[in-house]
Amino acid sequence: MMALEIKGQAIPNIPWQDRPQGCDHVMWRYSANPVIPRDLLPTSNSIFNSAVVPYGRDGWEFAGVFRVDDTNRRMRIHPGFSHDGINWHIDESDVVLTGADPEIAAWEYGYDPRVAHIDDRYWVTWCNGYHGPTIGVAWTEDFRTFHQLENAFLPYNRNGVLFPRKINGRYAMLSRPSDTGHTAFGDIFYSESPDMEFWGHHRHVMAPARFEESAWQCMKIGAGPVPIETSEGWLLLYHGVLRSCNGYVYAFGSALLDLDRPWEVIARSAPYLISPREIYELTGDVPNVTFPCAALVDAPTGRMAVYYGCADTVTGMAFAKVDELVDWIRRNSIV
Amino acid sequence: MMALEIKGQAIPNIPWQDRPQGCDHVMWRYSANPVIPRDLLPTSNSIFNSAVVPYGRDGWEFAGVFRVDDTNRRMRIHPGFSHDGINWHIDESDVVLTGADPEIAAWEYGYDPRVAHIDDRYWVTWCNGYHGPTIGVAWTEDFRTFHQLENAFLPYNRNGVLFPRKINGRYAMLSRPSDTGHTAFGDIFYSESPDMEFWGHHRHVMAPARFEESAWQCMKIGAGPVPIETSEGWLLLYHGVLRSCNGYVYAFGSALLDLDRPWEVIARSAPYLISPREIYELTGDVPNVTFPCAALVDAPTGRMAVYYGCADTVTGMAFAKVDELVDWIRRNSIV
Amino acid sequence: MMALEIKGQAIPNIPWQDRPQGCDHVMWRYSANPVIPRDLLPTSNSIFNSAVVPYGRDGWEFAGVFRVDDTNRRMRIHPGFSHDGINWHIDESDVVLTGADPEIAAWEYGYDPRVAHIDDRYWVTWCNGYHGPTIGVAWTEDFRTFHQLENAFLPYNRNGVLFPRKINGRYAMLSRPSDTGHTAFGDIFYSESPDMEFWGHHRHVMAPARFEESAWQCMKIGAGPVPIETSEGWLLLYHGVLRSCNGYVYAFGSALLDLDRPWEVIARSAPYLISPREIYELTGDVPNVTFPCAALVDAPTGRMAVYYGCADTVTGMAFAKVDELVDWIRRNSIV
Amino acid sequence: MMALEIKGQAIPNIPWQDRPQGCDHVMWRYSANPVIPRDLLPTSNSIFNSAVVPYGRDGWEFAGVFRVDDTNRRMRIHPGFSHDGINWHIDESDVVLTGADPEIAAWEYGYDPRVAHIDDRYWVTWCNGYHGPTIGVAWTEDFRTFHQLENAFLPYNRNGVLFPRKINGRYAMLSRPSDTGHTAFGDIFYSESPDMEFWGHHRHVMAPARFEESAWQCMKIGAGPVPIETSEGWLLLYHGVLRSCNGYVYAFGSALLDLDRPWEVIARSAPYLISPREIYELTGDVPNVTFPCAALVDAPTGRMAVYYGCADTVTGMAFAKVDELVDWIRRNSIV
Amino acid sequence: MMALEIKGQAIPNIPWQDRPQGCDHVMWRYSANPVIPRDLLPTSNSIFNSAVVPYGRDGWEFAGVFRVDDTNRRMRIHPGFSHDGINWHIDESDVVLTGADPEIAAWEYGYDPRVAHIDDRYWVTWCNGYHGPTIGVAWTEDFRTFHQLENAFLPYNRNGVLFPRKINGRYAMLSRPSDTGHTAFGDIFYSESPDMEFWGHHRHVMAPARFEESAWQCMKIGAGPVPIETSEGWLLLYHGVLRSCNGYVYAFGSALLDLDRPWEVIARSAPYLISPREIYELTGDVPNVTFPCAALVDAPTGRMAVYYGCADTVTGMAFAKVDELVDWIRRNSIV
Amino acid sequence: MMALEIKGQAIPNIPWQDRPQGCDHVMWRYSANPVIPRDLLPTSNSIFNSAVVPYGRDGWEFAGVFRVDDTNRRMRIHPGFSHDGINWHIDESDVVLTGADPEIAAWEYGYDPRVAHIDDRYWVTWCNGYHGPTIGVAWTEDFRTFHQLENAFLPYNRNGVLFPRKINGRYAMLSRPSDTGHTAFGDIFYSESPDMEFWGHHRHVMAPARFEESAWQCMKIGAGPVPIETSEGWLLLYHGVLRSCNGYVYAFGSALLDLDRPWEVIARSAPYLISPREIYELTGDVPNVTFPCAALVDAPTGRMAVYYGCADTVTGMAFAKVDELVDWIRRNSIV
């Protein structure tokens, strides 16, 4: 095992559960999953694909933005807060965005948010409905007021994920260009911006894997949580999709990206980390989905808590040790 | 809350269960669902999408027609009887139809029946296989002898639902024109007949909703139980379908139609009433289906018991108060 | 050759051209095809799939209703008149319909008309856009004022073709139930009405043929001109469609239907009569289409002039002798 | 009940469980299903669609070849051994094939194996990835060394199943020609070989059934376990597929084939034997799959133990009596 | 007729042909079309969808970049020159791009170029293969050396068209986000860049029209030539697509965009200007395509010469007067 | 230019036309194409995709088998004879096959034949309808009596093409496994048989090319005429297909295969030889098809005459010199 350095803050109160007896997998589920039930709010149909960060303010330890679909099945993003990262208080009202050009502000839906803490701001990116899905961008300091910027890209795009710091002097984002529907393809691309307003220098990062080599990620892939900086490279969790005769199966795995040229893949895991196996992952509004959107890491210990959507219905958690995970990626890499 | 008048008979012995503690939904499931298991009959594969009426005769309190698929997966309709509306005695033999032109009588399958009590007859409509699915029509007085008439419409049609009385002097039916397969579209239309033999004066009633507004009903919709007459309009329960990457999800909601011009929609609920959530709704021959075909209403009290198919496999029940429901539709209307 | 009796009027001035030297086909094209060019009107994109009748009035010998798509590619129906059945004067304005319920009258498009002369009225049926394609119905006496009735059927339907007299005391119509798009299936059905207002007694007439037996009509079929009454049965021209890897090919053939039970097919031709072969049939807005919508027959002589749309762009004519054609159907029948 | 003779060996220690009280089905599930969990091996994602035979050697009573998908979702075949046919010791390494031309040996995947004991060899056939799925062939005597021959057929083929003896002097195999993906069609064919090297004399055996007659097998069918020889004919278990709006449902039934001309079907069951009903069949990597690949039969008693894949995830067992089953097929035949 | 001012240069030698006698269309074809045959180069399969500009240098009057597919059917861009705008000398070698990051420079294909003259440079944009189609950008001064910049957008995008000057201080581009194949949808969007390197401020401009209103543009639309600045707004020619049962039909029309907020549509023509009608438009590698990529305008006289690809095979020309065209758009607008 | 040796007979009277002035293509069309019109027979709809050989007997110089579709659009094979290889006498009756097992003999259709002269027999292979398309096999000595053998392969297969001599002691055939419809994939495989009865030793020969490299052959490919033996390898003409938004385009090119291991490709041309360009190739029952099925070669001079189907409607010819062609393949190879 290498001596891995993790860049990031200490989160001594990170939600955590040790690896179960007899389990030899590099990642394991929280035993009390799901942590957020579908009907936590009076009119929620489902709560999943959500993002959280440490947040020491207003008496809360953690804050986040949550995908909450209501019983109209409208997709919205709600703020939420927690003392322990496991029990969440989610606002009944969805996020209110301010400051954007009215035309942009008049979005039609928002879903699958991520949060990146860059300098003093929490930057939220999400799938934003503007004549099709694209990447919405906003920042907040208090998870009460969200300042919306221009959409980063043209439609059709999903899974926009910011890096937690500038790279080579520019903001950096991963995303997955898509189509207007249940996209049957999907590569991960990298883009840069001097100002969070104009984007360019687009680079291809990863394509789906060969079916014969790693089938769970052979149809499409998309970035998950904000990448984690380590001395070995950016640790990226990403979902992959396999299409069976009975629909898509969403699992997730991990990769290491070059620190300075993140479009260069150092290692990429052939096996998945988590694939639908529990009843709350196998059944729900979209069966057979495990979809990570956030990961907390306690830098000193390397403990990692992953939040992932289950069956597009509820939210689950899984745990790993970053150093073990990085080692595992290298040992199981298809690069 | 308005003073709502419900036109209909008293059913003091209506199957009923009060709203559970802590539940604030306008409709709630029966705690002992499913009420009809898939293998109630020796050769039944599934029993669902069925219709019942009060029936004070031969010692029974309720009667109905039931969709029973056998282990050939052939779709048939069986008569059934009950003392309490919950425990059902379903005939092992399917309905025998008499009186029709032999060519029409030689149908290939029958499914998803509804029953309307008009004057002294119980009128059964169902999806009838005559060179494609269309709307079969028959009447019975005793649920033993069923007199078949001509099919109401040309193929391809499903979900034909009669109003419980003539409107403007004519019989009236809702239906959903379809195609030959797993139809990916579907509006509700209204038609009239002077004689249950020839049909015309077709009017468009409702299209699927906009995805951004009410996604559970954005792909296709179809009438459910026989409409319930109230002083506020016809109360219609109807199913709606959303297509995920893993298939269709059938939920159901409700609308109010004008009493004299039922093709005019007064109000229509944006949220669903019931969407697949329980394991018997999430899994089965067709996962993620809740599909209502009948509703009993005790007019004096407004108690309503809905029968709905679950996962195209078993039959469940749900309850509501008609006045609360009408009020809820108005408060949540997208019209 | 049998002694065939044709029920119908004498049209001594029927447009006609004798069978060319060396041609031994039962039907042959007019040598000066197309008879109506696509840009006959200043804003017409195409003129095709149109219907004509003898019309001895106002100095004209023939009248008709014409599908005219404008350069918006909107589908409209225009009246037209002719002295010889070949050179046509088509109104620049499309048909104005009167008398219908405003909701029905607010149609979105009209195309592929047919005209049947029943008693003293010319009855026009067409594909009428009312929340999808269905069969519009109107009558005229002068091809100036068109009185619209209710649509005959629920959507989705195309190719509604009236018989030229009541059968068993009722109006009778053939049609082809369809779906919302480029329907990939299609059988011909028969329906009856006591009053042109309500329709029922639907019967299946013909399905597509087996690919191995008669491939040009193996995907879908639809009635063409108003059937021609003969002592051998109703002579029906109908189109059939074959799907190649490069799209649909529309050809047409013929059948004999029982006089009293027209849903019973007496004979049906395995070979086509006309299939796309000329450059004006092979190329145009929809390549490879020959689509008949009208046929004039001079009863005493049996001369028949067929009008058919070519490549959904222009109008062509073809000729046959009815007695030869009936004989040919019987000799080449797949029934 | 006829006096049925079963050709085959005695397996007195066949895994067995009597028909449950109150059950009147001809086949019943093992009460402790699934017998093989998905994660029996450290890196297995799933273990299913596997084949076993009696094997009195090395201290084992049974041996077999098992489809094991790893957490890359790669499809591999592993040897396994058992004392009781229920608890299995499966090798962590997949089968190593020897002896084939290097080009053939360089296969890309292997799945859904069957094993036939012919004379002194165990012949394994499986779906073998050679520029598409085709039928791989190998023999073993010890389930340690597998001698690979040429692929039997051109791609694209699946479900190759050998008969347990030569017929008319030649090896005989059933298979299901397919396409490159989630094939939406599928008939069972029969082929012969003088030498297990060259194949010919292909005959059509069975097509999918008519939807109206036996819907569970109306889209595609494929042979299951090695056929069982009886005095009434070859007893074949086979899977059938129905496509709902939410995907494929795999059930299985049975047929009797002529002993000398096995492409002639003597009887074929309209009802299914097993269709997905239990949670381990309804949910998993591919929901709603029951897929038999092997059957043990104790010839003297007619007890039969069937191994079938469940939801493409785990392995289950079901039991029947051969004589009852043969009788049931005859009584419920659609031939 | 208004007094329209056209911003642009005088091109007294613009290729031109007066409107034919009897023609009353606002745009008319060149009588000697096609002007560039498919096999002008020894190994060209087709030459079409190309862009030209006035170019007074090296003895040439016009220069351009041409889509040339070779007999491998590889898509490449070649420079070309002309004395009269009609007879073209096209280089046998395709464009060589310099200066870009090697990863970007390693494109896989280039097609459908446009050229905008901004200040002193000719800016070429084209559909550039970089892990999918996106918008390539390069500038040249001499049509010999082309300096490539970063791709403007993420894939998947086509039909990137620059405005001929900065708007509000930024470069401006129209484009049509697409998918990986024969995209069945397509809106026109507008984007801005301070530096031709980073892009943002994306705005929706136009969606396809309603089928009932303007069917030729009801499936997808895309910008054509570089917009022409007039006192009434930006004059945009754009293609629209209708899907028949036999494939796509590409026609083109025109719109007026606001000068300062070009994503606001002032007027948009319901009728098409040119739709496939001539044999060189109806037949070829892709039948039924007319696709404009360039327009020359002589500002003082308003004469306009449009270059358009025909059937993805050859290049044609059409003519119009800008003032008449602007007037016609306003009179036929669906905005 | 190398000194190429061609193995084969002299055909001094081979149909021939010198390369036109100014043409520098390696293959050129016959100036009087098409040589066989679609209606050569009284009931023929089309005559194309046919095969011919030298045949010095009964006063004829050439004989062949011709795909003739009748006006039912049934696909049949007819014998034909010619004095000059250009003007053909085709039998009005289709080929009668004898000698096969009645079940095999009862085929449903036959099309796209090839003829190989091996030793003293003419071996005909074709696409034979036996529960789907597969490869039929028969031999004749006189093109009057055809002796049918077993089908070579299981369905679904097309384009079975024999080599003109045994290779390594076995008969050898190329074929293209397919699906049941308009197959959207297709590789060329090689198979061997000791006896023309049983087939095996299947090898993959060629997959479609990469779109970016040689797009005309990027979707599927299939062998054309019987390969021509040269000192440089087997010269194979083969068709390739590109799918545009308006359907498939069939072009053809050529390759060199190793003489002893013909599944090894020595060279393969990136450019096509012939792609649809003439009106009889661009329009017809299937537009945009050029499909070669036979080639005559005069060994001493290397003159080659290719017969190819045009638009699935008529038959054309093209010419080349074998030595030039082999040289051209090598110079333009993508291997």
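For this structure, a couple of remarks:
As written, the chain order gives the labels A, B, C, D, E and F, with residue 1 at the start of each chain.
FYI, contacts are C-beta pairs under 8 Å (C-beta built on N, C-alpha and C of every residue); 3 or more make two chains touch, one makes a residue touch a chain.
Just so we're on the same page, UniProt names per chain: A, B, C, D, E, F = Glycosidase.
Being a predicted model, the structure only gives us computed values, none of them experimental.
Touch-path distance (fewest steps) from subunit A to subunit F is 2. For the two copies, subunit A and subunit D, the CA superposition rotation is 120 degrees, given to the nearest 5. Ranking all chains by how far their C-alpha centres lie from the centre of subunit B, first place goes to F. Simply put, of E-F and B-C, more C-beta pairs touch at B-C. Shared residue numbers account for under half of those found at the interface formed by subunit B and subunit D, and the copies are therefore classed as meeting with different residues. The chain with its CA mean position farthest from that of subunit E is D. Separation between the centroids of subunit B and subunit F, computed from CA atoms only, is 59 Å. Centre-to-centre separation between subunit C and subunit F, using Cα means, comes to 42 Å. Remark: subunit B and subunit E have CA centroids separated by 55 Å (rounded to whole angstrom).
Counting partner chains per residue, subunit F has residues 246-247, 279, 283, 287-288 touching two or more of them. By the contact rule set out at the top, the touching chain pairs are A-B, A-D, A-E, B-C, B-D, C-E, C-F, D-F, E-F. Residue ranges on subunit B touching subunit D, taken from their complex, read 38, 42-43, 45, 70-75, 108-109, 129, 182, 246-248, 279, 283-288, 312. On subunit A, the positions that touch subunit E within their shared complex are 103, 130-132, 134, 150-157, 175, 177, 179-180, 183, 185, 187, 189, 191-194, 197-204, 207.
Of all the residues in subunit E, the ones that touch subunit C in their complex are 24, 212-216, 242-247, 249, 251, 270-272, 275-277, 279, 282-283, 287-288.
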